[in-house]
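Each of the next two complexes has subunit A plus one other chain: subunit B in the first, subunit C in the second.
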Partner chain A sequence: MIKLLPLIALLFSLNAIAEPRATGDLGIVIEREDGNALIINTTEHKRLAKIEKLGDLSHASVVFSRDQRYAYVFGRDGGLTKIDMLKDAIDKRIIQAGNSIGGAISQDGKLIAVSNYTPGGVKVFSAETLELVADIPSDYGEGLRSKVVGLVDAPGQRFVFSLFDAGEIWMADFKNPKAPVIKKFPNIGKQPYDALMSPDGHYYIAGLFGEPGLALLDLWNTEAGVKHILPDYGKDDEKLPVYKMPHLEGWAVAGDYVFAPAIGQHKVLVIDKNTWELHDTIAVAGQPVFVMARPDARHVWVNFAFPDNHQVQIIDVKDLSLHKTLSPGKGVLHMEFTPRGEQVWVALRDDNQLVVYDTDTLQEITRLPANKPNGIFFSSRAHKIGL
Partner chain B sequence: MIKLLPLIALLFSLNAIAEPRATGDLGIVIEREDGNALIINTTEHKRLAKIEKLGDLSHASVVFSRDQRYAYVFGRDGGLTKIDMLKDAIDKRIIQAGNSIGGAISQDGKLIAVSNYTPGGVKVFSAETLELVADIPSDYGEGLRSKVVGLVDAPGQRFVFSLFDAGEIWMADFKNPKAPVIKKFPNIGKQPYDALMSPDGHYYIAGLFGEPGLALLDLWNTEAGVKHILPDYGKDDEKLPVYKMPHLEGWAVAGDYVFAPAIGQHKVLVIDKNTWELHDTIAVAGQPVFVMARPDARHVWVNFAFPDNHQVQIIDVKDLSLHKTLSPGKGVLHMEFTPRGEQVWVALRDDNQLVVYDTDTLQEITRLPANKPNGIFFSSRAHKIGL
Partner chain C sequence: MLVMTAVLAKAGLAGEPSQERQSTLRNMLNHDCGACHGLTLKGGLGPALLPEVLAGKPDDFLISTILNGREGTAMPPWQPFMNRDEAAWLVGVLRKPEH
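What follows is the complex of A and B.
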């Protein structure tokens, strides 16, 4: 009988995974201070697992493999961790740079790109093995190397990113991953500090820290070069102290409008997507940080910098009016909509909670514990362009 | 030793599922004549399983649970089959009507709605158990009952559908599934035969068989009622014999344009989404059936009715020109893009094949056998509105 024991032990360990887990309704919640990632289920509103020791997650972001099995977590300290959401475990982990600011996954799901401050540049890894595939130092002159920001994927197996110190946008075509073709757009404006891609991968827009306005690259017409738009955006006059630079990934495209946070002002800007001119401004409760469209684009949700970060406001896209103000709790840092938009998860850093709302009734559905959560990322992102 | 055998057998059966399967890159291919569904993997271009005995699949469609584990197959014969894509097996199957024409899954994933010809109406089932939740007979007068077509889900836990014989559109609010609230729009035009929802769930458009034009319902402004648009659409003059009525689910929204098949003509219509007027027409190789936008909206792919159904044409949305003509094989019946658009799968009924293309280079990647395939549905549909 004693010989049976290993067999029985094996049986039990197999039994633990006998009820298979699907991956379409999973997500990752970042616990900033602990350096943890929680795996959550959005159907059952459950925490499934806690993955520990992911390093400095103070500005973490996450992308997902195309089968939605693996989450790639980009840490502030150059850590890149591949989490297996079916085995509740770290699959692979590397430290790929000294100081890093986010990443992207290629259209085909085979490449992971990371944008680095130190040493400046973009490194590209195999999504399967995390082995280095390409290294693109952000050199822009004799002994000059730039921080890289605003890295996103683009259709046609490309990555697009911005060089903060150089004032350039680079587009890297990875159809041949061993020999990427890089196209550089110089003189796009002073100090691009972040960027976003339109959800269809058509437009890349970088925010400028060193001057007013934004830099716009039309990926359907790269020959036309980068255009300077919204020359009054971020202008110095009448501006309040900026408590937190808004995240450009948070911009929302809804119908013909792009909704964007005004820097340092208590306003959301409404930009006409056809002319790239300012259409309207909407007064809000504080300095907006994330400005996010519900997936059906009828509502836009806004959170705020300190001292207004206990509130969330909802804009009705139909008439650009303020629909409702919610007070979910202390330190609203991030929001993520379920893929079809019926619910939204909100991270409350200073209440150590996640709160889930019904986006139609605006009733609270549930709260879950999380230690200083600062980011929520659902696996449906695997199927989106430009994140 | 003999006592060990059941244990060992159990071990082997558990071992078969020991390597877990993710569900983000799965799909269902319908084999029409055999009444089978193939489970496929779009990353590895593999057939994983064949699920048999699903009844009459001559006009089958498929929706997916929000965790992407289950596929719901709507058969022509009123069959509704729930397939477990992790266990490669039928989870549940019912015959819910005598003659059926497709279905939808509610925004929260909890309800499955089916539109029926005989007896006419919509039946709504629990997505978990397939137990009947609500029955909505399509009565429109003393002893009059209509065929129901064009059933889609809408934001706010609603379903929208059209009554062919009654000339009505109905909108059913299922926030309380036991007591749905139905709003009826009468006199929307003669014989709505199919319908589509814009990808953001904003507009519902029904095609009219009994008169020219289309019926448009703005779901952001239902008080305004249904509008009659494109009064020349489907007009009788200069029309060729119609070999196959185009599918309205196939309409493509790309940028400011909606691309739609002209009925009976060798043309794709380009409709301005802001005015709902005809912007342009594009001459194509035959009578278009499916007109589908690549997920990044740069290209629109078109297939055709007999005798031109060996071809696929690709329209460049940038300048509304014909980009390329492909000849994949005999009987091109359906196409499905991978979620981020890098590849497309094409069903070749008369070649008993599926062919996969790189949508950028237009090179063929692989071919897989399938017996008379007539529909391809990827699990990423779980996260989309209005299918």
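What follows is the complex of A and C.
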């Protein structure tokens, strides 16, 4: 027996090493106040690990390596952390700027780009080592530097982003990472606050805060420049104060329509994708923050800014009507669909919970504890353009 | 004597929000203001609201910025959600180095 003990111990440790973990159904949940990231399993509805000390995550976002092993977390304080989801550990971490807003991973998965408020610009790092590859300061006018928002990846190993203060869109081609080629589109409208890439990588659209409408860049025809769409929308309506900037991530494209939040209004805009004219507006419970299509695009889920952030509304795309209103709890901040959309996870910041819904029956499946969760990101994003 | 202290304490607190309200306001500062100014108020879309940044600016100016917002910028008016005393209390919180 005594002799067997080392052997048993060896077997145990081998077992521990051999226990495989797939990462295709994992996700990261950000706990904003503690600066933690939770690794969760979306099939088992389980919390697997907590990765601590990631800094100020009050506006964090996450992208995934194409092998779905690593998650890159972009913190508000300029922190960039690479998490190893197989080892439940931080692989690398750097502070790359003073104040940052989001990031993207390149088409080939080899570059990580981060958009910064201060000092304004985009920095590009090696996805493997987090070493700096390129630095693009967002200089404009006389010695001015703009905050950068709406950074996404685009086909052709490009990154596209918007300059909030300058009112410009820039496109950076990284086929040669050492010498990126930058194309600038000036005068695209006042104060672009966020932007999105259509899931097929065809259109880049920036929402404008300083004037009505959106700025549209057709990536199949960049020579045509940026088009100002819906320039008259809401011009004569009284604009309500905006308590939380909407997000344009994960915008909803369904058939011929694009769904977008109407800034400063209790409405979702339905835009005709062929003419880029307003097709319809749908009255909703508050100022929309996220307007997200279920992966099959049959339904669009909407959450709201303070003080209406205890609700979620679901729009039926078939007839552009309000399908259902849910009240999951206090401080609904973010939603994420499982890869094929049979479930959705909702972050309840003020109730310290995550709630999972069946998207067909709209019944609650389960709740998990999380401290002030503000973002949910599933590893299936690894294979999506613009996320 | 005891009664006196209680009365004085109360008078001293005139205009100051109740404990419960203070915690709501603090939560609002962290999260709702923090959405633009950063969780640690070091700035985001809105500027940093740290004591050194606010040092040269009078209370009244900051209180009215909070209550009325600033036309033409992203700073919204918070009048619908707080009164003047509460905005003044928030400015006091912002002026303290640690909060």
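Assume the second predicted complex is superposed on the first by the 364 of 387 C-alpha atoms of A that agree within 3 Å, B and C clash if a C-alpha of one lies under 4 Å from a C-alpha of the other, contacts with A are read in each partner's own complex, and residues count from 1 in each chain.
To be clear about the criterion, a residue touches a chain if its C-beta (ideal position, glycine included) is under 8 Å from a C-beta of that chain, and two chains touch if they have at least 3 such contacts.
What you are looking at is a predicted structure, and each value in this text was computed from that prediction instead of being measured.
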Which superposed partner A:F209 touches (first subunit B, second subunit C, both, neither): second
Touching partner for A:D200 - first (subunit B), second (subunit C), both, neither: first
Touched subunit A residues, subunit B compared with subunit C: B
First, second, both or neither for A:Y117, with subunit B first and subunit C second: second
Touched partner set for A:G143, first subunit B, second subunit C, both or neither: neither
Touching partner for A:D56 - first (subunit B), second (subunit C), both, neither: second
Which superposed partner A:Q68 touches (first subunit B, second subunit C, both, neither): first
Subunit B versus subunit C as contact partner of A:F306, first or second or both or neither: second
First (subunit B), second (subunit C), both or neither touched by A:E342: first
Partner subunit C, residues of subunit A touching it in the complex: 32-33, 56-59, 76-77, 98-99, 101, 117-118, 147, 164, 191, 193, 209, 241-245, 306-307, 331, 349-350
Complex contacts: residues of subunit C adjacent to subunit A: 27, 30-32, 34-36, 38-40, 42-45, 69, 74, 76-77, 81
Residue ranges of subunit B touching subunit A (in the complex, touch as defined): 4, 7-8, 10-11, 14-15, 17-18, 20-25, 41-43, 64-69, 85-87, 107-109, 155-157, 175, 200-202, 220-221, 255-256, 274, 295-298, 318, 338-342, 360-361, 379-380, 382-385
